[in-house]
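First subunit A sits with subunit B, and in the next complex the same chain sits with subunit C.
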Partner chain A sequence: MEKNSHSGVSRRKFLQKLGVAGIGATSPLFISSCSGESSRKKMKVLTLDNKLIEVDATELKIAKASNDKSYLQQEGREGIKGKKFVMVIDLSKCRNERKCMKACQSAHQLKPEQHHINVLEMEDEISGISYFMPKPCQHCNNPPCVSVCPVDATFKRQDGIVLIDNERCIGCRFCIAACPYSARSFNWTDPRDADKYKDVVYNVELNVPQKKGTVTKCAFSADRVREGKLPYCVSACPNGVYYFGDANEDLVTNGTTKETVRLSKLLFDNSAYVLMPELGTKPSVYYLPVRTNNS
Partner chain B sequence: MPKFIYIIFGLMTCFWSAFAQEWKAPEEEKENVSIRLFDNEIETEGGVLFMNSCKSCHGSPTQEDFSLMLPSPGDLASAKVQNQTDGELFYKIRAGKGAMPKFGDALDQNEIWSLIAYVRSFNESYKQPEPNLEGVVIPNITLNLSFDDNVDKLVVKTLDENGNPMPDVTVKAFVKGHFGNYLLGKSRCNELGIAYFDIDSKMPGDEEGNMDIIVKASKGFGSAKVTQKMRVVDAVSFKSAIEGRHLWSVSKRAPYWLIVTFLSSLIGIWGTIIYVIVGLPKIKKQS
Partner chain C sequence: MMDSAEKSFKKVERDLLASVNWGVKSKVWMGFLLLLLVVCLFYYVKQLRNGLGVTGLNDIVSWGVYISNFVFFVAASLIGMLISSVLGLIGFKWITPILRIAEIIAVSFAMVAGLIIITDMGRPERLLNVFIFGRIQSPIIWDIVVVMTYVVISLLLLYVPLIPDIALCKDKKKGVPAFQRWIYKVLSLGFTYKPNQFKLVEKYIRILAVLIIPVALAIHTVTSWLFAMTLRAGWDTSIFGPYFVSGAFVAGCAAVIIAMYFFRKSYNLQDYITDSHFNKMGKLLVMVALIYVYFNINELLVAAYKLKSGEAEHLQSILWGHGSPMFWLVQIGGLVIPFVLLIIPKMRKPLPSLIISIVILVAAWYKRYVIVIPVQEHPFLPVQNVPDYYSHYTPTLPEIAITIAPFILVLIIMTVLSKVFPVVSVWEAKESSVEEQNR
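Then we have the complex of A and B:
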């Protein structure tokens, strides 16, 4: 519903920017043939209120469809009403296939050494068992990164997702220093395939195109979530590690099995925990501990 | 010693011949076809079942990541599987053999067909055979949903085209979620054509206590699906994640203590500076 309303706005904006949209003006060839200074040709065009009028062909300008994407910023800042997105990571299922990392890097225009999500190799000090721990941004409910940003480039939305707007980011890296989870990284060099993404309009929810000299971070795939699809990493996992969903619905869906379960039950039954709870950051990412034989 | 070798050799031959024996479906089942069209919905349904019931041995189709077993479960997108008829696949899923479980006990006919629809979605050249509908009775199922708030149960009534109760209908009820549907349960209607599903009263609905309930019913070749917004739980109010005043919020929504401390320090410092500057001429006058 949200999506439809935005697409409605965009269509209206598009038509407004187009001004008087010629019936035949959809063909660029036709416009170029009419845009000469010396042309005295009159053209019949259709106005927004469906009236057919005649204008001088020289006054016609090609509307840039790309301008129309300004709604991306607005909807990216606002978020989705009535939702509160959460992720649950089942550590006992992770086999270090790193498919989540690859899917994330290809979606967010990241180089292989840049991570929005990273799979770490862990070892439990007491039991001695080793396991793999995927670690995305924790999308804290009390985000220290947002507190320290001097230019409001990184922000939290009403649906709980913490995003970064690289058009505002000045590259001070205060947020990198403030994040206790090391979830952010800096674009020290030009991003991957910079030429290919040169003319792409910036989408704050996808954080693409990436920009040199700005900070980048996991976005909980806000663009996919808006469409009702699971995040890139969650759907790429072959081992059923990730659950993703809406805490307001108390439902989370497994990315591999597509099975939907109750969030509260899943967390309670598996003694879920969050990372560094003592810091009071209140993460939106929960971990289900590794199951050992003696536990 | 040679005797021992002979025994092992004999056993191996036995096993080998047992494994090598081709698994054939009975002729009468080979030509069975699905009466439902293999559309996106049935494929998705099959995909979910596949991930839960089949993937552990067969792996993901086209990925060739099946388990190492003897006989090999094989990749279901391979020609060996795809060259079989829908009826053969149906029989093998239903009846099972050896390590392949007998899924006929756990899944109903429609679920098995949805699995086949999912497996066929990996075969681009596959064309679904048209079913012969001659003499086939397709029951027309009508679903009537209501909620009994005394016992917190969803009541599904199944009726035939004449409005009479239809018994023995398999019914599944779901709550619609943002990313997937939560299964409330799977049940079979009683002789009065009624099936009950428990709904946890603590489950959150929307701000008016509504929930989108999806009910799917099937009997024989007939199936029906209903999506209905129902008032089944207490209304809840959702808090926005950025509601209230926080240190991390934008300056407009900064905590009052921060605004007061900041402004009073600012006024204090500038006030002192201005006081000193204003006082300077007075010092000069007195001297």
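Then we have the complex of A and C:
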């Protein structure tokens, strides 16, 4: 009885959530298959907060994709519960093919001179040997950019990802001044293909469409990570440079070989380091130093 | 005795109220300023339309002349505090005729500084976000709070001593436009020259003079923290607060000397702003410049002795590299000239001190440029895969025009204030004339 009395409201609420889940996480096939079933049939579905619930199959409707995208902002700011994303970059393997940069720039609507990830040619101070170093945002655990932002436009989520909300950014560029890794870029003029992206709904996890007069930065491909996929740059690399994963699980997956390894062991065995540890920023990006016997 | 006092009162009133009018000359001057402002505004509209891409800024040097200009304006506005509060509270009498000039400079530079920040924003239409989503962790929020507080207290510190003079203007200046008469009526607050009213005015001036000291120190310290709170080599230093404040007094003293010279000349104030004032302001400038030299030595030598990796690159660039010509120009113009030349008594006469002050003020502007820009040209990681010009910032024409606009705005504010109100305090000038006769 009690269940019935509040089901009217909660069902509507639930269906909103379901619509959300339908767009965000599951394939359209799922919804079309259930809408054809008989009224007695119950369906098990997963809500946004990971609860498995059962509903009458006839109540299921196909949600329209353009209806309400406010959930993008909310989930984008909250992040994914229980996760702590990290990246490991194996410098020995980088051949400067720049597939990562291209994949990133096309996904994030960037111009050729705008980099969320930038492959730098570095010189080892002691040996003089040069090597290539891909440099994404370090997603610091003590992020100087987040501290200085006056409007909370750039923020750190519970899963460790530092994002920028370009619908709130006022364009003061204090975060650019504060970032010791030069990881941020600004839309000085209209972004690339501004017309093409004109009607796209803003997704804070992808930071697309880009907006003139706002800052943009590497998002650890938060949109892909939400779908359980590897970031754009990680999947694009042909040389197995990148590992990406969850520090809480202590597992990272190589983007090229799809091999999953234990994070702590990978870091320890290869004498991993972070960039400029003396600054106290505590990066989430680890580097495996160049080893000539490997390359 | 009474007669001569009466006479000198009349003369003081006549002399000091003479400039409160809109003559042809001042109208032409205002027209010229407004025309220049319109030209600059045209470029700002262009920037609004096309984005900050019309400037020379880029992802490596993302703060340019707008920010260094902002620092300069905040610096120049600090002089109001030094002269009217510190010197006033200590009890120096000679500052009386230049108090109002110092306050007018403080008010106009501080108000315009706030506008400069807006010109630097990528999304100025989102300014309100600062109040809606403001985060107390951000030094920008601290800066906004203290600059607004400083503007309010400085306005009061300009206004409260003006009340007796506004009442005088209301009684004596019948020929001015109706609107201006209405302003006098409202702003004089019914002041009727009663002794207890004067007492009240003097009491409030003292309270404000005390209040403004911490706020003034705060605005420039917080402004320095916009840089010092970052991890960048060259900015990441704990000396920036006092370093900025002492530099501000150098710029401010120079600004006051320049203003004194032109007000004295165009408003015939030779009997009030005398050679002795230039002499004393020159000495004050020597003193603050020496303090600034001390902080410069601290700032440079400590870093240059250790040559930490990031610092070394930055120092190399400003001492003998790409940025060195400007650095040395600034250090000689802004430091050596003020304290070496102004030690010579002849150099503290009005005209020489005007010329020296102009050199100091220009050097002070470039000094902020040297503080803000070269540091960004040498980030920790190499600058690659971006156009070559990224690490060599040069301001563009629209950017320069938008940087000049605040100066025009300051001149407009100073002109209007000095045309509507007497630029030297009439009642305080009367007081000092009485004191002189009693001596």
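We adopt the following convention: the second predicted complex is superposed on the first by the 224 of 295 C-alpha atoms of A that agree within 3 Å, B and C clash if a C-alpha of one lies under 4 Å from a C-alpha of the other, contacts with A are read in each partner's own complex, and residues count from 1 in each chain.
The criterion applied here is as follows: a contact is a pair of C-beta atoms (placed from the backbone, for glycine too) under 8 Å apart; a residue touches a chain by one contact, two chains touch by 3 or more.
On a predicted model such as this, the values are computed, not experimentally measured, just so you know.
A.B. asks: After superposition on the shared chain, which partner residues are touched by A:T260: those of subunit B (first), subunit C (second), both, or neither?
C.D. replies: first
A.B. asks: After superposition on the shared chain, which partner residues are touched by A:V274: those of subunit B (first), subunit C (second), both, or neither?
C.D. replies: A:V274 sits against neither subunit B nor subunit C.
A.B. asks: For A:L46, select first, second, both or neither according to whether it touches subunit B, subunit C, the two together, or no partner.
C.D. replies: Neither subunit B nor subunit C is touched by A:L46.
A.B. asks: Tell me the contact category for A:V55 with respect to subunit B and subunit C: first, second, both or neither.
C.D. replies: A:V55 sits against neither subunit B nor subunit C.
A.B. asks: Quick one: classify A:G245 as touching subunit B (first), subunit C (second), both or neither.
C.D. replies: first
A.B. asks: Which partner does A:T189 contact after superposing on A: first (subunit B), second (subunit C), both, neither?
C.D. replies: The answer is second: A:T189 touches subunit C but not subunit B.
A.B. asks: Classify the contacts of A:V201 with the two partner chains as first (subunit B alone), second (subunit C alone), both, or neither.
C.D. replies: Touch status of A:V201: no partner.
A.B. asks: In the superposed arrangement, does A:D152 touch subunit B (first), subunit C (second), both or neither?
C.D. replies: Once the two structures are laid over each other on A, A:D152 reaches both partners.
A.B. asks: Touching A:L230, do we find subunit B (first), subunit C (second), both, or neither?
C.D. replies: A:L230: touches subunit B, not subunit C.
A.B. asks: Can you list the residues of subunit A that meet both subunit B and subunit C?
C.D. replies: 144, 147, 152
A.B. asks: Can you list the residues on subunit B that touch subunit A in the complex?
C.D. replies: Residues 44, 47-48, 51-52, 55, 60, 63, 65, 175, 177-183, 200, 203-204, 206-207, 236, 238, 240-243, 246-250 of subunit B touch subunit A in their complex.
A.B. asks: So in the complex, the part of subunit C that touches subunit A is made up of which residues?
C.D. replies: Checking each residue of subunit C against subunit A gives 50-53, 55, 57-60, 62-63, 120-124, 126-127, 129-130, 132-135, 137-141, 144, 226-227, 229-232, 376, 379-387.
A.B. asks: Which residues of subunit A touch subunit C in the complex?
C.D. replies: Touch list, subunit A to subunit C: 101, 113-115, 118-122, 135, 144, 147-153, 168-174, 176-178, 180-182, 184-190, 211-215, 275-276, 279, 281.
A.B. asks: Under the definition above, what is the set of subunit A residues touching subunit B in their complex?
C.D. replies: Touching subunit B: residues 79, 81-84, 141-144, 146-147, 152, 155-160, 228-230, 238, 240, 244-246, 248-253, 256-262 of subunit A.
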